[in-house]
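Multiple structures follow.
Consider the two complexes below, in which chain A is the common component and chain B and chain C are the respective partners.
Moving on to the complex of A and B:
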């Protein structure tokens, strides 16, 4: 059945124009900051002036006396629980007694204009009693360190363990044991659109919030909790998004809850828009990791054992740290068969900016370490890096470090390695470049990295999602889903799937913005789960809608439903092809027969399981495999690295929209390049120094090289039309490949990111903010 | 989306004389040309972003306390008389309000001072170059300003005018006295820059930034060299993001002047330049990086000049 439908696919697997593209390029798209309402107030948060302090009092009298100020709200005005959080509900929407990082909000000023709100916010006086603060993640875990949250001894948020095989025996069998330390930095999502919402008082004492919100259902939970309202009275509607990359979750929950609080208490709409500086200071970041690897290998290069310890800086609140670090446990060894593994991954609180979800979600850090390590093994043993990976890499039926036998999908690691390295001319360049580099100041190198990645949420939690396909009486079709468009192209992919399954022209389909009161909770739009999970739900809904129409046609023609075949824009009787009914006609028949033409689709992820004591189980129901090759030129006099070419091969299961898949390749690699070479949020005693994009440098078009995307398709039995995942895999490997290419070019290795000019030239970071900042090395 | 800035008034002027009259009456007024530095400064100074500063006042990033006094702006961006670029004999005269993009693409600049054209072409982005002016780049006096090393090797003379004092001509190194400091009087306006042109120069301009565009320079080197046979007859070396104010680096020039060109001399010039930087600036957090890198860039720029004369090869 599946094979038959795939064969006559019209939209799935074909390039489709972005359904929201025209609105975006003509300026018709409506972003959060475009929203306004009559009689609207502006909200401005007053943020902490200390990384860690008790709040003794807040005096808003001077602010309240300012022109245009309607109210100044503090934690005591919150009708519900001031604390929210996806995993641990302990992050205050407004702090009542204590601040834990510089982005914490202590008051909310509401005024007639944005300027008046900002002016008055300066005059809100909070009386603080500074507390000892800790900015270094290792220091935070030591005895006597200031406790950031009273109920977390040692500031440890979470400790994940993997115990597999006998590690000591494994090391005893090794001919070579390497121990290496790697470290990664704090980075910002750098979505082009800073946070923005508009909250309106709703019917029956409820609220509505429109905004730049990645996960409307998580946001709704936070708003309802803070306001003490039932979920049904809180409606969150997503606006068009100017990017998110995992970044518009908790920070948007906080902003939405604040604006909604203002709307509820003043009975007026409240708008809030962050400046870029506010965004950089308040919003959560990617976790900096410190990673220690000990690996045993035989003379031939076969890995016998690995012992891994990673520590992640969670910053002030738990946010997604437990899940981010859990994904790292699964990927820590890389896609390699390791008979004995002992992994410990911890996250700890500090008074730094909190860290959470960002494209890659605990993988880029681990991939940088384990893929650097594979090259170090190859170098020590005099083996080509490709060969050491081929020797140890996962094949069909391999068992992961976390005990999952990979036999339900095509394990395509070797295929992606071969495709990427061949396309990049690996063997020849790997030999030739070192010879050409002799006597040169500008030297070139080629490096590779690969990964496997679990699709969707895995054992993190409940994994299911829904979709509504509603055929209108004129034959137009409305589709809505619980997953949200964050710029990744979900509306287009889901429209393609709906059109495919209904057998209609894609122009009939109108995709609605995600509205928490319009569709059931479908979980967060994270973990590259849209196509693989939501795609199946849309398919399910569209199939049901099509069946209703088939039934209507069958009744009209006096045949059984099984005898009706759906074609493109028509239905026909299998036995008698002259009996054809156009789609519009079929809709009219169904309407006249009083049939339900709207249907709901639901998709549950296949079962997974996890034993957290030993870190063993079926972590994810399927995985994707990818390999990237970086070619770089390094100026050995200045330490400047230019990436000249990136070649990537990723198994996506099936490319529902090949153009969109290539877009994910390009965007992911550009983001990975920034992670590898440029980006770093610098904190000094918890205060953000890189407050705008003149200091926080992301790659420009001039920094992004030629990129070669190779789309590998091995249909997955659990995927929608065989489609799996692509958003995050492309982003998690690039920095590691670049680091390996730089090592090949210059002959020595930089073990921390980013590979900025100082690190490449001198082997260490010199930036002035370092040393006083926790998770960075001096 | 409005971001409040501390601006008391904006006076849009129609002539240089009118502008000078306004400045005479409002000596604290800030001339606004492209605004690419000034408006950013005003926004930052006011602290518009409103994010917490440790242990004290909100606002004001970076240097100094929060100066919230609103500025008077004198908008000179529309003055055509300040936008002219012309060759006057061997002299190149560039109006202070000439756009950086115009400087980058001017045939006169390309002929007389290709280093300056290259410097102008490396400022910010296309959008910034279309607004920013050469005069603004000088008067903002950033140590990392892209044009200053190029202007320094061309012995630029800055022409200032005021209602009270008439015209005053200062060398670049006299006008710019330190980071973000000039000795222009509050009622003076920079109206033009005069460059000594010359076709006999071999020229090199090198700029190092953390990324390939839209970034403050980490180091800049500008070198002019004139050869007689293989002998260095004249040489001028300047560097940006290395000294508090624009200057020629005489110890580096001495390493080359009057002697036959050699790679060893080029290296020596580089080392001398780097030593001079450390002598002037002292040891800073970045010295361990900048010292060897400035040496390498000066050496490279000198070798590039020699290569253009056929005396060396660069790039290797």
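Moving on to the complex of A and C:
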């Protein structure tokens, strides 16, 4: 039956307008900052004045004397554990004795108005004893460096290893050995909506929190832990989300726990909204990486061995660093067959702003390095960059660097490379542009990059999620899931899948906000896992609900359930099309037969495995492949890079909603362009210098080029209707493609992101952040 | 306190406001028009864009006292009776909405553009939206939506 249903799909693969679109174009959508409650207080966090210090005392007397101040709370007011964390629970929601970065909170002021809370917060006096601090990740790992956490010697958060084959033998077989260093920068998610929550005292001594919360269940664990409450007494409800991109996880756990603490202790609602400046100071960022690659290749361009070392700056807390760097281990060699691999990837603590999940999750850094390296190999050997990738790239049955034989899905690397490069006119432009550039100030270049990416969580941990499909007595349908809408379009995709599987008009479906008290914990909305995991769970739930209706119709018609076929908005008896029952009628039959018309769906990811000692195993149950081509113009007088065109081919398995998939292409490429050319959070001794969008520049409508999306569909047996993943892949390769295009245009390589004017023109960073490494002067 | 009279979405309101009160706060906190968003507070992101006497302005940079006598249009005024404007429909048809936080500001900037220039070129559209940051869409489908409305204009 399944194959047949897919064949005549009405909603899966068809255009569908966003189910939350009407609310969003009329201003009716309710975001965190739009929430309010009678008698509410405003919360304002007092943040650290030092990147690393002991707290001797906190004097709140002046703040408490201010008009409108209801309370000033500190760590000693926390009834549970002050620390939370998804991987390592060591991040204080309010610091008791020590601060480790300048975004750490030390006190919470609660006042009648936002202005009063902000005013009083300035008067909270914390007495600090500054400690030696460390801001450089290599320095942090040296002997004698200040320890950020006493239980982490050498400040090493994690050290992942991959050991495959004999690397020395591999290098001995090589005709050419290259060693290169690459570096990437600290990057902000820059969701346009700053963080916001409203916490309410709940029933039975519990709390409810509404807000811009990416992962309601992770947030609930943190709030419950901090308040010392059972999970069942903490209810987290997601508001409409003004973007997240991985960024509204721990920072929202902290904000939610603080607001909930205030609500619990004052018995009044507490609202908190970050200013953009607060958001940039406190919220976690994408890890800066330093990467050293040694690669051996034969004269023909075949890779014989790779030795890789990467160091990621974790900042002050572990957050997702162990998982982010783990994904880098899988993608470190790129989608290429390498017989011998030795990879070491470390993350280390510093007193910088902590780093965590951001769209790409350890891939954009590795892709920038390994895809720059592929072009450097091609240049050294005089081979076209496409050919060196085609020679080494994964094909059906290839074995990854981490020991996974790719034979359960279509390995479409060659297909995406061919589709993207052909559409971009690669061969002709690659030859022509250098000739045209002679004697010109504005020079043009074309570059490409590709990647493979594991779908969902892989061997990071438990990977399962659920959905509820509840058919109402009038035939309308309520759907809710443990995964959450962050703006990506999950509500629409899941509504399409529910409508498809139930065989009803999508207009019947109402999709509820994620409510931790209404659905079981379905894990976090991360890792581009919504469609592939949640889609399967919704399908499972809808299928069960449909079967209940089929049973009802069968009983009414006096036939067996196997003889009932579900069509669109109707059921009929197989072989006798005159016996037809409309959907509403079927619902009435089921109701009259006292049948359960609500169902629960659950989807467990296929098994994966991982041996952490050698970094070998089946890291993910399936993968996606993508290739992007960038065409750039570089002003050699100023170093300014203008991207003129981006062409992207990504295998998504199946596009459930082609327009939404294209939206992910465009949005991912624009974010990747910002990563490649513009964006860098500058820290000076731990203090954020890029505090708002006048200094932290993200692409505007004037910066994005013509973008050509090519959607490749090889249905995956593990996908939802064959659908896999698209959110992150589009974002992770753009910067590498741009860097390769710039190298083609100007004839020298910048090995450090972003490719801003000074790095391209002078080969160095003139600003405070970092500099000096990894670039050559043109 | 200063007394101001505003016409907001064709409705006249008279308020006593503090001289330092920003228009975005008046709209959101006093008039309950939370469709207008605040993303940066310094006029960089454009999420708070409203149309004041025909011009798209950042309501975080305008004091309410400056608007005495002005006609203000917010996103709530685009579909007063629930009937979407052509531009709103185009945003939905072209997939121009993802998270939706920038959407009200985008709609207001585009509304002001189309009122003054009903048939803008693609470049003019991009220039008119350059003050509205969007992190989800890469702008392409937003530009397509505005273009579609422009192409229908006489």
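By definition in this document, the second predicted complex is superposed on the first by the 765 of 778 C-alpha atoms of A that agree within 3 Å, B and C clash if a C-alpha of one lies under 4 Å from a C-alpha of the other, contacts with A are read in each partner's own complex, and residues count from 1 in each chain.
Everything that follows uses one rule, which is that contacts are C-beta pairs under 8 Å (C-beta built on N, C-alpha and C of every residue); 3 or more make two chains touch, one makes a residue touch a chain.
What you see is a predicted model; the values in this text were computed from it and never measured.
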Chain B versus chain C as contact partner of A:48, first or second or both or neither: first
Touched partner set for A:758, first chain B, second chain C, both or neither: first
Chain B versus chain C as contact partner of A:694, first or second or both or neither: both
Which of chain B and chain C A:232 touches, first, second, both or neither: neither
Which superposed partner A:191 touches (first chain B, second chain C, both, neither): second
First, second, both or neither for A:33, with chain B first and chain C second: both
First (chain B), second (chain C), both or neither touched by A:678: first
Chain B versus chain C as contact partner of A:21, first or second or both or neither: second
Touching partner for A:662 - first (chain B), second (chain C), both, neither: second
Chain A residues contacted in one complex by chain B, in the other by chain C: 33, 275-276, 692, 694, 699-702
Contact footprint of chain B on chain A as seen in their complex: 33, 44, 47-51, 102-103, 114-115, 118-119, 121-122, 130, 273, 275-278, 281-282, 439-442, 637-640, 642, 678, 685-688, 691-692, 694, 697, 699-703, 756-758, 761-762, 766-768
Interfacial residue positions of chain A with respect to chain C in the complex: 17-18, 20-31, 33-34, 189-194, 240-245, 275-276, 486-489, 659-660, 662-663, 665-671, 692-694, 698-702, 704, 707
Chain A-facing residues of chain B, complex: 1-4, 40, 48-56, 58-59, 61, 125, 208, 210-216, 218, 285-286, 288-289, 292-293, 296-297, 300, 315-316
In the complex, chain C residues that touch chain A: 28, 33-42, 44-45, 47, 74-76, 78-79, 82, 84, 88, 91-95, 97-104, 107, 125-127, 129-143
